[in-house]
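Below are two complexes that have chain A in common, paired first with chain B and then with chain C.
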Partner chain A sequence: MTRHTRLVMSMIYWAFVLYIFVPLALMVMMGFKDSKFIGFPIRSWTLEWYIGVFGNSEVMSAFGYSMVIGITSTLISLFVGVWIAVLLNGRGFVGKGVIYGLTLLPALIPGIISAISFRIYAQLWGVPPGTGAIIWCHAVHNVPFVVLIVSARLGTLPKSYLDAARDLGADPLIAFMRVTLPYLRPALIGGSVFCMLISFDDFVRSFFLGGYQPTLPVLIFAKLRSGMSPEINAIATVVLVLTALLGIWAERTTRRLKKGY
Partner chain B sequence: MENLQQDTSQEIVRLDAINKRFGDTEALKSLTMSIREGEFVTFLGPSGCGKSTTLRILGGFETPTSGRVIVNGEDVTKLPPNRRKVNMVFQDYALFPHMTVRRNISFGLELKGLSKSQIVQRCDELMGFLELSAYADRLPDQLSGGQRQRVALARALAPDPALLLLDEPLGALDAKLRGQVQAELKSIQRRTSKTFFFVTHDQDEALTMSDRIVVMNKGVVEQDGTPEELYFHPSSRFVAEFVGETNLIEGHVDTVSGSDVTLDWRGLKLAGRPPVSGGLEAGSNVAASIRLEGLKLSLDKPEDQPNSVSVRVSGRTFKGSRTELDLQVESAPEISMRAYVDTALAEELGEAPVWASWSQEAMAVLRD
Partner chain C sequence: MSGKVPSGAAALAGKRSAENQTNDGRSFWGALAGSDLYQAFSDALLSSPRRQFAILLTFPLVWVVTQHLGPMLQMLYVSFVEAYPVAPGYEQSFTLDNYARFFGSAIFVMPFLRTLVFSATLTFATLILTYPVAYFLARHVKRSNQMIFLLLLLIPFWVGEIVRTYAIMILLGNNGAVNLALKWLGLVDRPIPFMYTGFSISVGIIYLSALYMLLPLYSALEKLPRSYTDAAADLGAGPWTRFWRITLPLSLEGISSGSTLVFLIATGYYATPVLLGGPSTTVFAETIAGFFHAAGDEWPTGAAFACLMFVTALAISFAFGRLMTRLQKGVRK
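For the complex of A and B:
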């Protein structure tokens, strides 16, 4: 690479970084603005909006609600996803390809379509809108990601590990619990964080299947209708920081675990 | 087969007419053999000869198409691996990466339902024995190849198996370490007096460590005997070529009587020994094997040797204290032979023809 092309490449890189981070930076800055209206110039700064967010029971309960939905749906998708991944990585059987295709389908269907279908389906079965319906919908949507992440890891599990466990006296279940599951740990952590973030971020499904209690994105949407205020920026910033920390932690942990210690 | 009947009291494993097919291929054809307690038995053969299949059948990872596997007098043919008193050292060691050395070794003990203190005691004992105590809390990732191999050995020995299976466990080690580990393994086997069933394609390894070698080819046993028997009395062309290096000559049987065979080779009458299994007929075409070190070279025709032929030296390969010579038979230059001689002697030999001679003992006539 010549010096010239290197210069051009690095400029493109930095332009891209700016393109991504300027909106985020603006959003974060506005959360500290001591005024009700979003926009420049910022004459004085304040932490008032943040204090307001943490003191706002409506926001805090929506946050908690989102967490409950995220964690529950993640646990369900982990259970189902690992099970399907193990099934698909095992010996061949009739209809394996079909199951694989069906498993991945929820990840490919546009959110709005899946949300409407779930709404109709729930109605058909007499499932009322609310927590259960949202968790169910999020869990189904997340299963394909778990299957993909876990399958990738499972594919690298040497068959001899399981043979060794069996050889030393483990029945298939014990071998799975004591050798396969620990081996899958990085994938399980990565997969859960991924599921959590998707669930936490989801608006469309939660909106269509929700009852009266709003998740955080639904609450933000409701607040937006009464006009933009720095309070929303403060909420968004808190969410941004939390999710970024979670992501970084997951990345570091899985990398460490994949090395084996 | 005679051995089988004599030592049934000590017999620990018996394979009884084992057949194994994978689709259209027959991996094992009616394999029958027994292993006595405390033996170091090696299954030797090229890849695809059925040695690994035998190992996996013993371990319980494959079920034979027909035949029975008997361990300690009990038919275990249908038992899964976790219910057999047989443990295995895997080719890649298969140490559990998320467990420390101690936890790896304890794994089989925990599943046997031993008490905590018993597990700790047995584990300490094995780690001391295999010089692993300093690494008890390390993960497999933080060990060298030789250490990992010892952990795999300790883990497999821990549940006190009736038979220990070893699947080419030295393959992953570099050449220098391998020699050292071979000696170690043999000494561990002696000290534990465990029965070892070792599988390899490396004839050096087999010759160095085994009490008994079973040479396999295409799913059948070619020869079953001590390393010395295999080396000096190969019974088939395959064994002669696979174990050690050799000169093969082709001729036909002139006379057979007891332990003497006369071979007619290009008009020369050569004296040799018949194969252990017998079965030579006068007039049939056969091959005979003469080890490289069995050929003696001299300037004058030796009077005391029954077999001698005039040869020319066509090439020399220096191998330190000895030299490998390429020889061409004078009366038939298309036939070449090889011999090991002292390097000092090799230098004395010039371009002129010399005599290559060998004793009757040095020539094993093979059943073809």
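For the complex of A and C:
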């Protein structure tokens, strides 16, 4: 490649980075504006809105509620996803392709359709809208991602490790618990953070399956419908910072662990 | 049976058992495996490979059928019934009215077509926008730096739909950053009303879904051996020839999967069109949602509309996938 195209390419990349970051940066800035009115220019600055977030019981309870939903649904997805990944990475059998396709299905269904199909399905099983329904739907939605992440790691597990465990007298379950599962650790950490983030940030499923208690995105949506305010900027910024920190931590940890083994 | 114990596995097992040592010298797992109860369990369930496989298979099979397929099948079923849930004392009866209702009114057909056109256009726009970015990442950035460059783009994508939609609202509003910049440059006197139009929805949806295009493109381009383009250059091909005849055809797989993903996801956005759109830009997701806010007896219509949307979107993706496969075959010849 010529130096010329290289320069153009790198300019496009940095323009894209700007496109991704500028809206978020503006949103963060607006949270410091010393006025109720959203809009530029910002003439005076305050920390009031950010301090207000932590004292707002409505926001804090929505945050806690989202965390509970995220953690519970992630645990379910991990259990199911690892099991399916082990099956799909094992020996071939009739219908393996069908199971693989069905496993990925929830990742391909458009958000709104996923949400309302679960609303109907929950009704069929007599599950009322609320915590249980949201956790259920999030868990199912996240299974394909766990399967993909875990499968990628499982594919690199040398077969001899398991053979060695079997030679030393472990039955398949013990061999799984003591060899496969520790080997999967980076994938499990990466997968669970991924699921946590998807669940925590999900709006459409929580909105259609939720009861009276809002998750954090549903609360932000409700506030937005009644008008923009720097308070929302402050809440959104806190979400942004937490998400980024968790994501970076997961990325670093998985990379370090992968090097370790 | 393999006689060799690889050092990695031995070290792993050694490390684990050292961690799990208990006072009587046996690890937790050793104690568990030695217990009568576990032995009985193991003999009953894990004794033959056939039985092991049956256990391994059963749970995933039941899960994907009841949890992944079940909701879709139930939605399909509900789309053919007259009322759902059925009032006590009434018989459930089947009907095609829910589907007929769609074709009867432009209020329903217009958002449907608009969604398809929007999604297809935005998918194409996203492809054009992210291809150079993916190309730069995969081909021009040093391999050791690629993860950091990619991570830089990934972090904002972890933030959810609502927060990022809100960021776009601040960017494009009448008192938003873009209008302020335009006014400051003296290009406009009055703010341009970007918000609540097809434009604001487009910016929002591209902003939300660019990653789903970028990642497949990046992984396709990263796999492409550098020697191919080097060889072409040696044979006298210029940059454009190399791109059209080597890079682009060999990244069709990434284009195909990225476009399918973005298209399907774009048809399903609900909050973004609600917040960024106006009355003239209603998308089908909003139409479908309308039937679920109201009393339960509208559910069958909503379910029928959702089925129509999903089947059409899948059919388009499938046709597109076939086209791309055919193109790829043409490349290999």
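Couple of notes before you dig in:
To be clear about the criterion, the second predicted complex is superposed on the first by the 257 of 261 C-alpha atoms of A that agree within 3 Å, B and C clash if a C-alpha of one lies under 4 Å from a C-alpha of the other, contacts with A are read in each partner's own complex, and residues count from 1 in each chain.
Note that in this section a contact is a pair of C-beta atoms (placed from the backbone, for glycine too) under 8 Å apart; a residue touches a chain by one contact, two chains touch by 3 or more.
Predicted model, so just to flag it, every value in this text is computed and none were measured.
Legend: residue contacts after superposition of the two complexes on their common chain; A:L75 is shown touching neither chain B nor chain C. Of the two partner chains placed by superposition, only chain C is touched by A:I220; chain B is not.
By the touch criterion stated above, A:V127 is placed in contact with neither chain B nor chain C. In the superposed model, A:E251 lies in contact with chain C only, and not with chain B.
By the touch criterion defined above, A:A165 lies against chain B and chain C together after alignment on the C-alpha atoms of chain A.
Of the two partner chains placed by superposition, chain B and chain C are both touched by A:P182.
Which of chain B and chain C touches more residues of chain A: that partner is C.
In the superposition on chain A, A:V238 makes contact with neither chain B nor chain C.
Shared interface residues of chain A (contacting chain B in one complex, chain C in the other): 158, 160-161, 163-171, 174, 178-179, 182-183, 261. Remark: chain B residues 59-61, 80-82, 86-88, 90-92, 94-98, 107-108, 111-112, 139-142, 155-156, 159 touch chain A in the complex. Touching chain A in their complex are the following residues of chain C: 1-6, 8-10, 12-13, 16, 29, 32-33, 42, 46, 52-53, 56-57, 59-61, 63-65, 67-72, 74-75, 78, 84-85, 129-130, 132-133, 135-137, 139-140, 147, 149, 151-164, 166-171, 173-177, 180, 207, 210, 239, 261, 264-265, 267-271, 275, 285, 288-289, 292, 299, 302-303, 306, 309-310, 313. Interface residues of chain A facing chain C in the complex, by the touch rule stated above, are 1-2, 5-6, 9-10, 12-13, 16-17, 19-24, 26-27, 30, 37-41, 80, 83-84, 86-87, 90-91, 93, 99, 102-103, 105-106, 108-121, 123-124, 140, 143, 158, 160-161, 163-174, 177-179, 182-183, 197, 200-204, 207-208, 217, 220-221, 224, 228, 232-233, 236, 239-240, 243-244, 246-248, 251, 255, 261. In the complex of the two chains, the chain A residues touching chain B come out as 158, 160-161, 163-171, 174, 178-179, 182-183, 185, 259-261.
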